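Here chain A shows up in two complexes: once beside chain B, once beside chain C.
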Partner chain A sequence: MLAKRTSAAVSCVSNPLVGKVVGPRDLANETHNVERCFLDLRQLANAVISDELISLPWLGFITADPRRVEGRCTISALSDDTVIAEGDVIRIAPKARYVDVLYRRSANANALFVTERCTNFCVMCSQPPREVNDRWRITELTQVIDLIDRTEQWLGITGGEPTLLGEDLYHLIRACGSKLPTTALHVLTNGRRFAEHPYANQAQNVHHDVTWGIPLYGDVAHLHDYVVQHEGAFAETIRGLYQLARIGQKIEIRVVLVKDTLARLSKLASYIRWNFPFVTHVALMGLEPQGFARANYEAIWQDPADFASKLEDSVSILHNRGIRTSIYNLPLCVLPVSLWRFARRSISDWKNTYLDACAHCRVRDECCGFFSSATKHWISRAITPISDLREVSP
Partner chain B sequence: MKFKSSKDYQGDEYRLLPIRFRRLPWERDRVFASSLSGQWTFLTHDELRRCIQRDRPPQQSLDDLESVGCLERSPEQHTFAPLLSQLRTRMARLTAGPALHLFVVSLRCDHSCGYCQVSRQSPDASRFDMSEETAQLAVERLFAWPSPTLTIEFQGGEPLLSFARVQQIVKSIVKRNGMEGRELRFVIASTLHHLDDERLEFCRKHHIQLSTSLDGPAELHNLNRPLPSRDSYERTIRAIQYARSALGHDAVSALTTLTRATLSKPEAVIDEYVRQGFSSIFLRPLSPYGFARRTQTRSAYTIAEFNEFYKRALKYLVQLNTVGTYIEETYATLILRMLLMPQSHGYVDLRSPTGAGLGTIVYNYDGKVYPSDEARMLAAMGDDTFCMGTVFQSVEDWYSSPAMRVLLSNGVSESTPGCTDCAYLPYCGSDPIDSYARSGEPAGHRPSSAFCRRHMSLFDLLVELLDRGDSDTQRVLESWVFRQPLHEILPHAVGAN
Partner chain C sequence: MRSINSLVDAIVAALALPSADQVATTNSPVLIPDADLKATVTLPSSLNDGVRNIYAGHRSHSSHSSHSSHYSGSGGSSSTPSSDSSSYQTAPAPLASPQQPTKPTSDQLRYMIMRVQAGLYSHKYDPGAIDGVLSEATKAAIRKYQSDRHITVTGTMTTELLDSLGIRAD
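Then we have the complex of A and B:
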């Protein structure tokens, strides 16, 4: 687990700055628009740090010794030195005593966070929405896209609800397409806005490799509407799914395994298989103990040990139809062995952790582990290290 | 933050949408309930009654019915998008018009099969050949239909005895299609006995598929399909191999006709299909036409007898599949596909509105046009009721013919007595010509209809297997439906449709 923010001393900054971290390897191998880069002096040998190099118009410096570049913008005294590394895109701001990592080269997943606002209010939301004006994010993200590695394979777009950006969402996606032509995009949206024909139509040809990840929490209206706390959301999401399918978009359905959804999980799988066989992926997802989820523990938590067979049925129903199916966020030891092939290491590394018990587990490296926010009552009673693979082989 | 409970979104109000149901013959207090578009669920009869009568309806039953499109809770929350999408998918075929076009190039044949549906003529009776002019007009009419895909199937008699006509028609269609750009598929239904290198080369060049008859191992095949030389089986097998070597394995398919002699030997017939490398077999009973009717006493059997045969055959097929031999039963697969996914299918004999005239057109050797093969067989027996017209007329004329009016007013199950309330309606078809042939009345009479009895028992059988078949059987059926290898089909609890 590697945090995305670390406290630091920041000097000589009058505006928020977004820039890319340049270290020894990139310095030698690539040409840079130095005005948009922070030079990371921490990793550079003294011999390399010439006056000539320093005098270039770098956006700033990351250094343990700010005196070396007096009068220039500096980031120093990082409480965790490993948070920022070469290739990352970071943000600093006046008076903020920290650095935010907006893109991390070494991460297993990077996402553009486009807004805190949302039209749903999900009972297990790990990123509770806030009604704020955060249009500034678009401007900032446009800069970020410029700085992301062109070799990046995968980039998420998330919120909040990205479609609240309206046309700007499409502008942003187009920008990704032109700046990062080989990067696949994954947009997390509740899909409701696509129920509007004209808005959905604009998604056509907006990008050559975009998947729309849309959550569905029930096969009946009241169930989904309850989970997202919005009457009528189900109907809009369903219509949105059909609209996106009509214009040939790639769609992923995401099912978060809250207690009420679990009660009808295999029916939901049948519903998807019958109505949305065109989806490219279905992800069945364990809870992230964060945000509203913590407040609603009683209402939403069920121990995975108690729904294993239900999960098996649901995966089979989808898989048999040829629908690619994955299980996210559930450790292998709580799953029947028959489901291991569907389980993914789904937790972003900056919030991923393992338990002491995992130290001697034989399948730790194939396992998603836990959210670092998982306290004791979010951990299944079935957790046990797999010590002998023969015991579990089918 | 304030969260509402799940109850707050449930509400007490609900509205019933059209529901059709059937008590399960194997468990009379449970029902199979289906929606307008054919999505379905099981529930107990009492649960269904309480939902319909609003007598303490169980929440779970309301949910199950809502999920499959039989009920809506509040209009503010409900969407008809899935139901409409399913209906649209199922009815998509109607907008395209007939896609299957049968060209009867000749009635001549050298076989004398007892069950022949066609009233064949002797090999030298050339007045039963289609003329060049008739063929040319038929091709003109073919392109009057809007369907983007056209399947052209040559039938007889034995089409290979009139191969020059087949060539003329294929060439003429291909030429015309240069402008039309339809997706073409050619099939010749033949014994294949009269294939030669030149004919095969023509088939190869135009990607023509061959469909032949194989009734089982030698003794059964030769019994059913007599030749003076008594070697129909040997010739057929040789021809299948010959054709495959020239056109590829999958270019040759086979159909089996089941006579009384076959009924006691399902395993032998299936084994023969496996031996010949076929991955599917179509087990269908005799139809009441042509020579088939005249020789009924010898080869006929009751629907009950057929069903016994079919069950045994299905069991054997499942057994073969579980030990690694992929072979599917075509009709079970067709019906299960409709039970497990909303889809339109190419099979014209099981559609509502009827496939006769709406899905298929027959261009007879004499220039007359019929809405189905069965209609032209009735005509061959002296009853021209279903003649739509001739190739000298326009397709608009054919559609305003009295024959078509009879078909349209009797060929929609939704408005046919006995069908309209049937839980299996979304998966079944309407066949007014069959009704007429059997009972003299195109609307038909369901309680005495062999078509109905056969299909009811077939639906019951397949639905029962979905409900309580053993895991192996259910997995094999799903592997047929979803076209996946059996080892990729995982078991799951029943009740999931």
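Then we have the complex of A and C:
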């Protein structure tokens, strides 16, 4: 786990700055304008740092010794030196005593966070919405897209509810398509806005490789509406799913395994199987113990040990229909071995951790592990390191 | 319900429809063949194919007299990018005219030398200071790098050298 923010001393900054971290390797190989780059002096021996190098119009410097570049924008005294590395895109701001990493080259997943606002209010939301005006994010993200590695394979777009951006969401997606032509996009949305025919139509041809990840928490309206805490959401999401299918979009259905959804999970799987056979992927997802989830523990938590067989049924209903199915966020040792091949290492590395018990587990490197926010009561009683693979071989 | 589903599954199996396994790769937690991870592709053409390397002929810094005065921000006191800084792009804008210049501007040259120095440094060679000057130390580092990589040893910024260091010359 590597945090996305670290405290630091920032000087000579009069407005928020977004830039790419450049070290010797990228100075040679990359093609970004130096005005948009922070030169990482930590990666250079003092002897090779020349006045000529420093006098280039760098956006700023990351350095242990800010005196060397006095009067210029500097980032120093990082509490964790490893948080920022070559290739990352970072943000600093006046008076902020920290640096934010907006894109990390070495991460297994990067996402553009487009808004804190949302139209749902899910009982297990790990990122509770806030009613704030954060349209500045679009401007900033446009800069971030310019600086992301063109070799990046995959980029998420998330919130909040991205469709609250209206047309701007499509502008952003198009910008990704032109700046990062080989990067696949994955947009997390509740899908409700696509119930509007004209809005959905604009999604057509907006990008050559975009998947819309849309949550569905029940096969009946009241169940889904309860989970997302919004009456009428189910109907809109269903319409949205069909609108996107009509214009040939790639759709992933995401099911978060809250207690009430689990109660009808196989019915939901059948509902998806019969009504949305066009989806490219279904993800059945363990809870992330953050935000509202923590407050609603009693209402939403069920130990995975108690729903393993239910999960087996649901996976086979989907899988046997030819729908690609995955299990996210549930460690291998709580799953029946028959489900292991559906389990993915789904947790973003900046919030991923393993338990002490995992140290000697034979399948640790194939296992998603845990959210670093998982406290004791969010961890299944069935956790046991796998010591002998023969015991679990089918 | 189960029996109906089992029946459907049996039909699917009988028709030999592609299973999800075949449709998509699944993640076998126990045995992941390394073969897929190690598969790499070698591109048929080199990085600077068809690019005229205007830096190849540069041999030393002695003919350039104004090295220290190129940067309007060189006092180091301003964090505002200078107006002539557009030349410090690692990839200068492609030229509209097919007629390419035979010589880089001194700023372009200086920046290209810095990039070569940085590239050598990142490969653990010692080009001396990264200062945009083709110094004896830099030329020696280039020669050593060229010799180690079994490419033509010249001590200059040949296309072969730029390709090997992953530096685009256009």
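Criterion: the second predicted complex is superposed on the first by the 393 of 394 C-alpha atoms of A that agree within 3 Å, B and C clash if a C-alpha of one lies under 4 Å from a C-alpha of the other, contacts with A are read in each partner's own complex, and residues count from 1 in each chain.
In this text, a residue touches a chain if its C-beta (ideal position, glycine included) is under 8 Å from a C-beta of that chain, and two chains touch if they have at least 3 such contacts.
Bear in mind that the values here come from a model prediction, so they are computed numbers and not experimental data.
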* In the superposed arrangement, does A:S270 touch chain B (first), chain C (second), both or neither? -> both
* Name the contact category of A:C73: first (chain B only), second (chain C only), both, or neither. => second
* Touching A:A295 in the superposition: chain B (first), chain C (second), both, neither? -> first
* Kindly classify A:Q229 by the partners it touches after superposition: chain B alone (first), chain C alone (second), both, or neither? => first
* Once the structures are superposed on A, label A:I317 by its partner contacts, choosing first (chain B), second (chain C), both or neither. => both
* Go through the superposed model and pick first if A:Y170 touches only chain B, second if only chain C, both, or neither. => neither
* Asked: After lining up the shared chain so the two structures overlap, which partner does A:E35 touch, if you call chain B first and chain C second: first, second, both or neither?
  -> second
* Tell me which of chain B and chain C touches more residues of chain A. => C
* To do: Would you check which partner chain A:Y98 touches, where first means chain B only, second means chain C only, and both and neither mean what they say?
  => neither
* **Overlap of the chain B and chain C footprints on chain A, listed as residue numbers** => 266, 270, 313, 316-317, 319-322
* To do: Please give the residue numbers of chain A that touch chain B in the complex, ascending.
  => 121, 123, 128, 219-223, 225-226, 229, 231-232, 234-236, 238-239, 242, 260, 264, 266-267, 269-271, 273-275, 277, 292, 295-296, 299, 309, 312-317, 319-322, 338
* Asked: Where on chain A is chain C touching in the complex?
  -> 12, 23-25, 27-35, 44, 47-57, 59-60, 69-73, 266, 270, 281, 313, 316-325, 332, 340-345, 363, 366-367, 389, 392-393
* List of chain C residues in touch with chain A within their complex -> 1-2, 5, 8-9, 12, 17-20, 23-24, 26-30, 32, 67-68, 71, 73-74, 76-79, 81-82, 85-86, 88-91, 110-111, 114-119, 121-122, 127-133, 165-168
* Quick one: in the complex, what on chain B touches chain A? -> 1, 3-6, 8-11, 39, 63-64, 66-67, 73-74, 76-79, 81-82, 85-86, 340-342, 478, 482-484, 488-493, 496-497
